[in-house]
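Data first, discussion second: the structure below is written as structure tokens.
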Amino acid sequence: MNRDRILELLRSVERGDVDANDAFEKLAHYPFLDTPHARLDTHRGLRQGQAEVIFGPGKTVAQIVEIVAALATTGEPALVTRVEPDIADQVLAELPAGDYDAVARVLWYGPAEVSITGKGTIAVVTAGTADLPVAAEAAAVARRLGNKVELLQDVGVAGVHRLLASVELLRAARVLIVVAGMEGALPSVVGGLVDKPVIAVPTSVGYGASLGGLAALLGMLTSCASNVTVVNIDNGFGAANVASLINRL
Amino acid sequence: MNRDRILELLRSVERGDVDANDAFEKLAHYPFLDTPHARLDTHRGLRQGQAEVIFGPGKTVAQIVEIVAALATTGEPALVTRVEPDIADQVLAELPAGDYDAVARVLWYGPAEVSITGKGTIAVVTAGTADLPVAAEAAAVARRLGNKVELLQDVGVAGVHRLLASVELLRAARVLIVVAGMEGALPSVVGGLVDKPVIAVPTSVGYGASLGGLAALLGMLTSCASNVTVVNIDNGFGAANVASLINRL
Amino acid sequence: MNRDRILELLRSVERGDVDANDAFEKLAHYPFLDTPHARLDTHRGLRQGQAEVIFGPGKTVAQIVEIVAALATTGEPALVTRVEPDIADQVLAELPAGDYDAVARVLWYGPAEVSITGKGTIAVVTAGTADLPVAAEAAAVARRLGNKVELLQDVGVAGVHRLLASVELLRAARVLIVVAGMEGALPSVVGGLVDKPVIAVPTSVGYGASLGGLAALLGMLTSCASNVTVVNIDNGFGAANVASLINRL
Amino acid sequence: MNRDRILELLRSVERGDVDANDAFEKLAHYPFLDTPHARLDTHRGLRQGQAEVIFGPGKTVAQIVEIVAALATTGEPALVTRVEPDIADQVLAELPAGDYDAVARVLWYGPAEVSITGKGTIAVVTAGTADLPVAAEAAAVARRLGNKVELLQDVGVAGVHRLLASVELLRAARVLIVVAGMEGALPSVVGGLVDKPVIAVPTSVGYGASLGGLAALLGMLTSCASNVTVVNIDNGFGAANVASLINRL
Amino acid sequence: MNRDRILELLRSVERGDVDANDAFEKLAHYPFLDTPHARLDTHRGLRQGQAEVIFGPGKTVAQIVEIVAALATTGEPALVTRVEPDIADQVLAELPAGDYDAVARVLWYGPAEVSITGKGTIAVVTAGTADLPVAAEAAAVARRLGNKVELLQDVGVAGVHRLLASVELLRAARVLIVVAGMEGALPSVVGGLVDKPVIAVPTSVGYGASLGGLAALLGMLTSCASNVTVVNIDNGFGAANVASLINRL
Amino acid sequence: MNRDRILELLRSVERGDVDANDAFEKLAHYPFLDTPHARLDTHRGLRQGQAEVIFGPGKTVAQIVEIVAALATTGEPALVTRVEPDIADQVLAELPAGDYDAVARVLWYGPAEVSITGKGTIAVVTAGTADLPVAAEAAAVARRLGNKVELLQDVGVAGVHRLLASVELLRAARVLIVVAGMEGALPSVVGGLVDKPVIAVPTSVGYGASLGGLAALLGMLTSCASNVTVVNIDNGFGAANVASLINRL
Amino acid sequence: MNRDRILELLRSVERGDVDANDAFEKLAHYPFLDTPHARLDTHRGLRQGQAEVIFGPGKTVAQIVEIVAALATTGEPALVTRVEPDIADQVLAELPAGDYDAVARVLWYGPAEVSITGKGTIAVVTAGTADLPVAAEAAAVARRLGNKVELLQDVGVAGVHRLLASVELLRAARVLIVVAGMEGALPSVVGGLVDKPVIAVPTSVGYGASLGGLAALLGMLTSCASNVTVVNIDNGFGAANVASLINRL
Amino acid sequence: MNRDRILELLRSVERGDVDANDAFEKLAHYPFLDTPHARLDTHRGLRQGQAEVIFGPGKTVAQIVEIVAALATTGEPALVTRVEPDIADQVLAELPAGDYDAVARVLWYGPAEVSITGKGTIAVVTAGTADLPVAAEAAAVARRLGNKVELLQDVGVAGVHRLLASVELLRAARVLIVVAGMEGALPSVVGGLVDKPVIAVPTSVGYGASLGGLAALLGMLTSCASNVTVVNIDNGFGAANVASLINRL
């Protein structure tokens, strides 16, 4: 239950459209909602203005089903990230109303068209084919959180003319998410081309000295472009969440 | 020379207040301005919307003086960061118009009162006395870039009631910078209390397993609060720069 | 054979209830008991006051069966940790008297109800669903060692109000075990809320910069709460063992 | 102001010995006490049952003097750790009532004889001459917190007979602090000899592969003795604080 | 072909027992022997005085068979290390004259009884059941290289009395190999009990902060016992080879 | 003594210009030349085609003087790298014929004008003012080894238009040396702009997550441009040496 | 499409052999060629003078087929690296014109005999059987890029006489690629024997302290031979690409 | 007091040369000897057969003087390692009978000529001038422990012909100590040339990727020569001690 829905509920009571008892029932789930396996922090919607996003890894099918079903009782959409195809199949067998994006590995329970509440466009820029799953996760999450998203892919620093060909698109964005593995240099170059906040996402793509994404992570943290901040390796969701918060300011 | 100053210049020409030749002279410094030791990227102001900030370490007094003087010829304010007191004294002996903040180790050449162009308040939150220099740098830079800043200091996670006593202040900010060394847990707790973007700055404060700030850095990158992004260790300037960009959206 | 059982044996001899020869037979297993694969340190019970706990990983089914059976001949209960379900099934097929806890992955041979010998309550606090196996191991071991245990789960630092809602429970404990992955900040916050020893258990939950639990480990070691000590990553057993020792003081 | 002092104050009011207004004055410093440079968490004494200990490094002489003086107004003793001799001299020049221990690098403002409130003895065991400063810090802090302390020094694992010669002393302790650099093996050996909690303190003593204490730290975390917990490198204070908390249970 | 066999050959020629042409044929394989996949350094036997030992991992069954067969043509025994059971089965199907030790994972082609050429006993000491495969490899290799070996297992530092019970055996050895995972403290304790060279073998046994054997490795390198040298993690073969060289001095 | 000088010597003998005895005297210094502190590998000139370069750090003034003087007796020029100004002053006091470059920290004993033997131009490209000393070392060494050098400085990836403005210069080079600290992204961008070998030199410039140059090093090793190879951190000399070898092919 | 093919095309137009319209069609693919999954940088051929090489890992069979087919439409050969046998089988089922090298794991679409355009020989030197796949990749790529290649295998530093036996072959090469795992010492020794550029390729061969190739990587970066540069772990392709560029100078 | 001196003492009693009371006085110092700052393990001489060696760093002049003086009362020679010149001067001012070796940084109190008790020669081999202090320490300690020592210096792997020129000397040694920084490859090459145990000593010589000696350490641990064992970085003393133990077998 997010801030808007709560305000809407309270205004319905104010207008006499909703009975105080019914409103109470809905709010009674707050401040948190205990399920057998998780104490859902539904107040976070209130505190942070956005819906619950469930991190899939380490959760069983049964746990995911339980959490999604519990959120459904509050009228809340649910977004489950990092869901492998076989898990998605099993969850959808139980709760068929969902929509699964196999590239982004994201499972969505909510309206097919999310209304746009972000003020501008979020650009998601990615260096190589191999980084696509993380970029796709970022794009999918940003869209589900109510933002217009432009995805610009396969524009690496070793072919800088391809990136420069898209400079208008980059400069038109209000926030940028730049996804890169290997040496992680793309956020520095993009950061130098725009005057907006750039959120860098290192990926675990690479081998040897990429150390599972650490090389890209360190490169982004030491970027010479001063409009770059960084999230954890492969954390497309986190980048999208912050970009969405910024885009609603 | 930032975007506003260039637009102002062009409008002066438009209005007939400034002669095209004079305007040309001023613009001629662009796209970059060569000094003997540095090719100043004065276009960055145009591309990124903010003035040149000079990173002090590794530069000699002569180099700092040269750069500040070059910027002065374009009418640009200059902000030099990480200036130790003895260096500041020597630069001020050459260019006495500056203002030195000894806690933030920041040297400023420009108007005493910078006009506020940011839309909201930037909160700078810090865990301990030892983190103060980094927090002070972040606050000083944010102010010089035209933002209203609130500094909340010495509110560590091991005394969480102190933090909760300031929750109104935290929630009133449009962007938050959270500075912490040791285990770097403060951004997670603050991130859970607000629905705004939080920029986490790990500091090199600590000993032993803090590994010069790496423990805090890793902690912030793996934060369970999904509204947190991270900059390099001790990078108060970078955090302030991004916060300022966000605050102008 | 632990200290109590030895004392009891000696007092039985003192009272004439047990024949010296029989007592000798029992004690003859000391100071250690050789099986084909392990020289069991049964004196450790005497020296450290607690029963033998067998670390499961790296041992074959045959080795576990052999050790449990050997301990059974001394009348000693046995606790085997980190036992995967398929291993447990095979051991139970040989020695059906055991009790397997699939969440905690602990296999127990001994009385169904262990008598409470600890003086107070051990609180086991955990940040997320994914940390539950480690927390469950800690709780199961602590109970089998004779302690009253309270398990408080899913109270992360990014939703600090959930933690504060349980502050009475926390402050009522005599010792606390706090289990957390990711940034490992929970022990710092809990440590600041209580005046009792806190044993922090980092978990390998997380990805990317969590480095298999190293981020949480470093965070806990550099905790700003000075009542926190740390055990190895995922070492729920070790935390429970020390908590139990403290709780018997 | 610790718990005992507050209870005592309230009982004085109860008995009519102290005027409610005066008591209020004293309590008014709570829950925290702002000085220009630090918001002292004087409630921590209430929450954690022990006095404020000030971590010296990174604080100026002026800041230390200010904090000690502020605590003095509440009648609280103050213990400052990691104070180098020249800093101590300067603080003592301002506040001459203190007592400086040059080996432990600890500065104490309080009664010469602290009354013993711990229930048993804390043994502080150390491997080599070079580890002595950390062991001395642990011993000094433990004593100032009201504990009987036995210091057993220079008993390394490569001369295990020296350690065994002191096994009675080890087994007589209620809690043990074991300080070791290099390979950090001493806590494992000591842990195997006693049935009490052992707090291991790695030191930064060593060179090369000791990696500034990391080798000892990792060794202690992976100890095969299951009654060992670990604190940060060189953190004699932290070990003493936890040992004192345990000793008061 | 080792030094002894070459000398023997030359003496046979000297004595007229062997025809120079035949001797030439045998020596013609030197200085190295090319097989399709490997240039065998058969001179190493001459230079280092011991037979070729083949490191199994990364080699196909075909490659192992080829190398063993090539050595067989020179009358040389062959020892293949780190051979998993399924590989061993396949090699033995091709070359059935071998002898496979499943615990040590060593495959031997040569005489059932190797004559003892080492001057004293090599003691192989190990801390836990889990370290046994590495210790068994060390013992098997040392025996095959012509040494008398004593294997002392399951004597960890946390039960130091078990180790002390075997001190005579330890002191009777001419060289010692000490195998340990976890904190790797055993070589320090053993090193302090004897006046002979101790070769420490860290194992990858452990979890979390054991970092795949790095904790034990660092611990052994920083050992306070000055008669300890170290080989690579799990390198039972290397330890045995050096011990054998020393034992032949 | 390099290959050319040796050939020249032999041809002089061939032509009768030089007496065989004298030639022998000169060659007699070969294959190496013992000084009290170093066995100079003067054959390396023969084997590798270039003069001896002396790595300054860790050598005393006396040692440097001794080596330079010994080379002088063979008619060989000498290049000493990483010479701090005070050391240079002392060496020059003894051997005044040298030429010291304070930015490159290089001391040269040889002809003022080295004849150009490299076939094309070596471009030395650098990202920031702080990287200049390493770039200057590379440029100075390359020049002294007989190459035409172009130094392009202060062209970082966050201002990619500055780099593109110099693309002709980059593409005109036969070999490129790219020097960068921080995230080390410059070689990737330069590598994508040219079809020549690029030698990347990470520098130790940066702080925090730059880890003394490791971030740049890892970034360069994982570069997505496939014409990049890497040398050690700050190793301007090594890069110049390889570039010179390539430029003579 | 590489530089030669473009020049040839333009000259055909010049000579009237090709119609401008047809030429335009061919060039129209430039500067890049979008396929559904990748924006192929076919200009890189123009900028860097060599054909597109596709890095196999992380790409699906469908993606590899799509890219190879797209390149085929431009008449370009394609080289796919790191292709496991099962993937190769599937790609070849779709596009049977390819040639798969199972040791080098390289899939080639192009002429069976590539014409030699490199000026000299590239020597590929390898230390052990286990390093062969990486060395084979380097050799295969270098050959496909138009170079004469000599492969010298199984010449490790611990049998230095084997290496010296091949010194003529080494010194005859124009560029050398040296592939080594474990301690990575081979490039240093080879580097000392030749006066040509040596490209060192660390491999992930080894165990324990080899840290997945990091030990070899660090060893090569700190090589005392100053003609050595380094590429990423297992990056046989990268080494071959740079060697080929050098060999065409 | 070492084993020989004790045996000699006991035999003097046996022969009647020494009074039992006097002998008792001498032995009474055993098993250890307490000084105010250190419990000297004089039994170690008995257990390990060699005299006490004092590790200098971290000890004050007063402590060194005290320990040396205490040993002197037992008639024991003393060897203090890692003594910087200024410390040596101060100790010698108090105890002038010592002999200081400034290169090896070793201070010796004992007979000028130590009688040779080792059976063969210990070769100390070193790669570069910068490694000399560690090699000199190893040589000095080995000599003081009664061994014949050959020091072969400045024979690096990049000039392998220099090493081969000394192969007779290498093969004549009974034990070898090989000291190397940078990539640490020398022990592998030396190990391949001899059939004796090689003790490798990594040094902290190098910069950048040498990581303070870690690169050399890892290289030596993963050496492909199987007669190599390793000691800690810069641990010349430890290598000499083990070599001496081996040389007395």
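Note that the chains are named A, B, C, D, E, F, G and H in the order they appear, and that numbering of residues resets to 1 at the start of each chain.
In the analysis below, contacts are C-beta pairs under 8 Å (C-beta built on N, C-alpha and C of every residue); 3 or more make two chains touch, one makes a residue touch a chain.
Since the model is a prediction, treat every value here as computed from it, not as a measurement.
If you take chain A and chain G together, the chains in touch with both are F. To overlay chain D on chain H by their CA atoms, one rotates by 90 degrees, a value rounded to a multiple of 5.
With respect to chain H, maximal separation of chain centres occurs for A (centres as means of Cα atoms). Set against one another, B-D and C-D show the most C-beta pairs in contact at C-D. The mean-CA centres of chain A and chain E are about 55 angstrom from one another, to the nearest whole unit. Centre-to-centre, using mean CA coordinates, chain F is 28 Å away from chain G. Multi-chain contact residues of chain E (touching two or more other chains) are listed as 44, 156, 158-159, 192-193, 208-210, 214, 217, 221-222, 226, 232-233. Those chain pairs judged to touch are A-B, A-C, A-F, A-G, B-C, B-D, B-F, C-D, C-E, D-E, D-H, E-G, E-H, F-G, F-H, G-H.
Taken together, the chain G residues at the contact with chain F in this complex read 3, 44, 47-50, 53, 119-120, 174-175, 192-197, 199, 217, 221-222, 226-233, 237-239, 241-242, 245-246, 249.
Only residues 129-130, 132, 153-156, 158-159, 161-162, 205, 207-210 of chain H touch chain F when the two sit together in their complex.
Residue ranges on chain G touching chain H, taken from their complex, read 127-128, 156-160, 164, 182-185, 188-189, 191-193, 206, 208-211, 214-226. Residues of chain G that touch chain A in their complex: 31-32, 37-39, 41, 43-44, 57-59, 63, 202, 204, 212-214, 217, 232-235.
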